[in-house]
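Same chain, two partners: chain A is paired with chain B first, then with chain C.
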Partner chain A sequence: MALILDGVRLRRRGEIWLDDISLELSSGMTMLVGPMAAGKTTLMRVVAGLLPPDAGRVTVNGADVTSVPVRKRSVAFVYQQFINYPSLSVYENIASPLRLARDLSRAGIDRRVREVAELMGLGELLDRRPAELSGGQQQRTAIARALARPVDVLLLDEPLANLDFKLREQLRADLRTMFQGSSSVVLYSTADPTEALTFAAPTVVLGEGRVRHVGEVAEMYARPPTLAVAAALSDPPLNVLPGVVRDGRVECLGTSFPAPHAHRPAHSPVQDVTQEAAQDVVLGVRPHHVTIGEGGPGTLAFPAEIRLAEVTGSATFLHLLLTGRRHLVAQLPGTQLFVPGESTTAFVDPAHLFVFDENSGRLLAASAASTASTASTASTAAEVDPHG
Partner chain B sequence: MTDQTTAVTGGRAHGRAGGQAGGGAAEPRDEPDRRADAKPRNNRAWLLVLPVVVSVTFTALIPLMTVVNYSVQDIFSPNDRIFVGLEWFRAVTRDPEIRAAFLRTLLFSAQVLLVEIPLGVAIAVAMPRRGFWVSVALVVVALPLLIPWNVVGTIWQIFARADIGLGGWTINHVLGIDFNYTLDSTDAWLTVLIMDVWHWTPLVALLAYAALRSIPDPYFQAAQIDGASAWATFRRIQLPRLRGVLTIAILLRFMDSFMIYTEPFVVTGGGPGNATSFLSVLLSKIAVGQFDLGPAGAFSLLYFLIVQIVSYVFFTVLTRTGR
Partner chain C sequence: MAGGQVATARRARRQLPWARTVFWLYAATLMLPLLWMFGMSIRPNEDILGSFSLIPQRATLDNYQTFFTDPAWYSSYLNSIIYTSMNAVMSLIVAIPAAYAFSRFRFAGDKHLFFWLLTNRMAPPAVFLLPFFQIYQSVGLFDTHLGVAIAHMLFNVPLAVWILEGFMSGIPREIDETAAIDGYSLPRFFIKIFLPMIRSAIGVTAFFCFMFSWVELLIARTITSVNAKPIAATMTRTVSAAGVDWGLLAAAGVLTIIPGAVVIWFVRNYVAKGFALGRV
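Take a look at the complex of A and B:
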């Protein structure tokens, strides 16, 4: 089973919704990650045939389906909202796509409905109506409806976004086992970086209607090729600071550190950051790499004012204001108490900083910690990391 | 007996206070007093309700009681009246003319509901969901509702005329069907029925349209993906959403058509013969035309009761089945 999108474009009301999307997806699960309004739902609706693209082709198993109407396509769709027929029981809801397909006998339908219901843990609820179910059960019904009929393409558009935390975790685990080794092309979209990471599937990062990157999610997380990918995969959001590379050092808000030169993406148009006279860069650091109190030797120190401390129990999120009115969020372990308005110092190990080119957004240097396994980074790591 | 009770409760209260405080300085307080302290009474709310009470009294209660007063008296002149009890009610329920008008009105209401509800829903389903044509469709559909009732009557009175009316002339001279609502009772009935359909189907359509618009798009997309037909989509997704508004639409249309007066009065005046003399037309004839205040009063009360009861039954049945 293969789904190929070739140069798909879509424009509505003068806005670009999808811009030259080309993807090749094979059987099994693919994650579609991106912030809100990245084009995830639009792309899924194009794949389903609900929206005709302005240009480009959609191919399933070698057959061009771009102009095939929805009814004739072999797709299933699970929405963020729990979409079921309100007047039908759970049983009838699951059975309806099978009945409409007319390729199973009555007994066959009955067997399949019970099978899928059992799989989704709905066995006891078959006589209920959607309104009599909890949100999680309603979404399970919607997923069961989508699973009932074997389809070429199964689309799940943020299926867990409207569920509460506990149900989400549980259903996520169920779905993961269910879709592994699926013979359909399963496209699963999410705006939640944690969700994308836990599924550990091939991942497409989408942003502003474009494909930002395609690859393995863990690798993308460790070494985000662009700022957009780093931002899409960071939860809590990535801290972004301005910087300048000058004379072999990266300067940032009054501090500086040696520019990591040994490691850079092979396809980067910039040859070597250390050779540039002065280059504007964007530094990205994840909140859990920011520490407070004391930093080891070689770490960057940023004087900061405490604005707000959010305690979640297992973590404390400290919102800081740096010089130049730059915001920085530190994720600290456990419950820690801070007084807003007080001054403190935030420490960042340069090894955990991603350096992106300001214009292209491409990664110029990765953090040493995430690339330590790569031999070529050893010298960089040694330079900035005293423990290395 | 009462003294004894007071004594007993009083004694118990004292005993408890003593036991609790253990000889302390706890002041024995009365229960009602304490309650008054906790929740001060505020009678000012009555002042706020007063305007409503006064206006309802003047506009509804007093006129209604006047009708009740008429219905139990035989009035010859303002100073010469005798109490007749339920005599008028008996007379009204036995009157063949009123009975015929009652059945006629009931039949008319049934026909109105049978036509207007499905037609209104069909129009609502056919109306566009978004885009430029939404406002056009809304204006066109709502237009009949904006026309005053007697003007609607006048429009149709002229429109349906065989000699100068566009509709009547077309039927007679283009379709070749003999149509004259001033002479033929079936033609008159149909004219009034079609006029009501023209005037009030838009109300049903607009109510249904509002309910249909509230269905999120993903429902329709999901049905499309399932491969559901238009009929199945209507049955499974749209119709369940319409239950609430259709209850209201049926109620409104029943009450309104059962009390229809202005339009048939303008178009046919109840004729030819008695063909379109509905209850309200007959009532006004008795009350204002013949000035028989006693029978008219009894008639009005019965009419009022019928509408109330039928509406109540409708509402109860339709809201019960929803559960």
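Take a look at the complex of A and C:
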């Protein structure tokens, strides 16, 4: 199976919804990651045939399906909202695409429905109506219906976003094993970076209707090629600070550190940072790389005022106000007590800072530490866990 | 804990000591004319005109017997039931697809058209009397059940579209899309998935169509003479040389209430839901 999007564009009411999307997806799972309004749902609707693109082509297995009506396509779609047929039982809900396909006998349909229902843990609930199910069971029914018939393209649009935390974890694990060896093209969208990382599948990062980056998610997390990718894959959100590169040093809010040697990623030829006279940059640091109270040798120190401390139990999120009214969030392990209004010092190891060009948003230099982590698998795994 | 809750509930009830009394007073005020009419319907005319009492001295079913044996009466009663039912069915057949289109598709002038439909209800029915009379005379619809049913669609279809559109817009569009992805054709989706989902809306709409058509007198009377004459028209023409037949008129009145009461009994749950969900 292969799904190819070629220069897909879509405009609505003068706004660009999709801008020149070209992608090649093969069998198995592909993650579609991006913030809200990035175009994830729109892209999926175009692939499903629910929304005709203004320009561009959608090809499945070499056949152009751009103008094929939805009913004639071999697709399945799972929505973020739990969409089932309320007047039909769970059994009939799952059976309906099979009945319409007309390529299975009655007994064959029955076998398939029970098989899929068992897989999704719905075996006991087949006689119920969707309204008599919990949210998780409703979404399982919707997924079961999508899985019942073998399709070329299976689209899951943030299927776990409306579920509570525990159910989400469990269903995520189930889905991961289910789609591992799928012969369909499975496109799974999410706005949740943790979800994108745990699926560890080839990932497309979308932003403002454009493809920001395509690649392996672990690598993208460790060395985000652009600020947009770093932001899309950071949860809690990436801290962003302004900086200037001058005379081989990166200056930021009254402190500075030696500019690391510029990397030259294959896809973005970048001039050597150290040679620039003065260049405006954006520094990104993940909240769990900000520490309080103790700074090792070579760390950057930022005097800060404590604004708010959020305790989640396993972590404490400290909201800090730096000079120049810049906000910084530190994720600290365990439950720690702070008094809002007091002064403190935030420490950041420059090794954990990503330096992005302010204009293009491209990564100019990553720290030695995060580069090293891409090299060794063990440390990549450690780096990938966003709460680690 | 449980005892505390019970106590709270009791206290809450005790806060309105007059609620019961006020309710029954109100109900009695509403019911009195109906009871009076029922009382009249089971009394001979002399008793109705002679003595004043709530409980009839000589109960009789003569009035009802007259009603069901005189073709002028029972046939007009049937006429009303026939054209009212026809109207409800025809209005729904037209209004369901129209409401679906208004709720799901965007087309040029859709909002204006939707509003324009409602404006049909803003003109008094008398405005339409003359054109209906003339047109029906020339196309042969005068004094037919179909003619009255069509005439009543004039104000029932906009209402039906309005009510149904509200319900349909409450159903997520994603269900339509899912059905298309599953391979349902539009007619099949409509019958298998969509109509069962709006059952209550159809019940509510049918009730309102029935009700408005049942109580409408002016148009129904003008475009009929004998064959499709409505019961309400017959009731207004009971003054004979012998004076007004009070008992018979009261019996007809009681019988005229019954179909409405039966219909509302069937849709009572739906109507309550409809008031909560739709735009009734």
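Here, the second predicted complex is superposed on the first by the 365 of 388 C-alpha atoms of A that agree within 3 Å, B and C clash if a C-alpha of one lies under 4 Å from a C-alpha of the other, contacts with A are read in each partner's own complex, and residues count from 1 in each chain.
Definition applied: a contact is a pair of C-beta atoms (placed from the backbone, for glycine too) under 8 Å apart; a residue touches a chain by one contact, two chains touch by 3 or more.
Since the model is a prediction, treat every value here as computed from it, not as a measurement.
Chemist: Are chain B and chain C a fit on chain A, or do they clash, once the structures share the same frame?
Modeler: Overlaying the two structures gives a clash between chain B and chain C.
Chemist: Going by the contact rule set out at the top, does A:86 touch chain B (first), chain C (second), both, or neither?
Modeler: A:86 contacts both chain B and chain C.
Chemist: If we overlay the two complexes on their shared chain A, which of chain B and chain C does A:301 touch? Say first, second, both or neither.
Modeler: It touches nothing on chain B or chain C.
Chemist: Which partner does A:76 reach: the first (chain B), the second (chain C), both, or neither?
Modeler: In the superposed model, A:76 contacts both chain B and chain C.
Chemist: Tell me which partner A:218 touches in the superposition: chain B (first), chain C (second), both or neither.
Modeler: neither
Chemist: Identify the partner contact of A:55: answer first if only chain B is touched, second if only chain C is, both if each is, neither if none is.
Modeler: After superposition on chain A, A:55 lies in contact with neither partner.
Chemist: Could you say whether A:173 touches chain B, chain C, both of them, or neither, answering first, second, both or neither?
Modeler: Neither: A:173 stays clear of chain B and chain C.
Chemist: After the overlay on chain A, which stretch of chain B ends up in the same space as chain C: 9-17, 27-35 or 153-161?
Modeler: None of the options clash except 153-161.
Chemist: Take the contacts of chain A with chain B and those with chain C, and give the residues found in both.
Modeler: 48, 50, 70-71, 73, 75-77, 79, 81, 83, 85-88, 96-97, 100-101, 145
Chemist: Can you list the chain C residues touching chain A in their complex?
Modeler: Residues 172, 174-175, 177-185, 193, 196-197.
Chemist: Once bound in the complex, which stretches of chain A touch chain B?
Modeler: 45, 48, 50, 70-73, 75-77, 79, 81, 83, 85-88, 96-97, 100-101, 145
Chemist: Would you mind writing out the residues of chain A in touch with chain C in their complex?
Modeler: My answer: residues 48, 50, 69-71, 73, 75-77, 79, 81, 83, 85-88, 96-97, 100-101, 145.
Chemist: Give every residue of chain B touching chain A within the complex, in rising order.
Modeler: Residues 216, 218-219, 221-222, 224-228, 232, 236-237, 239-241.
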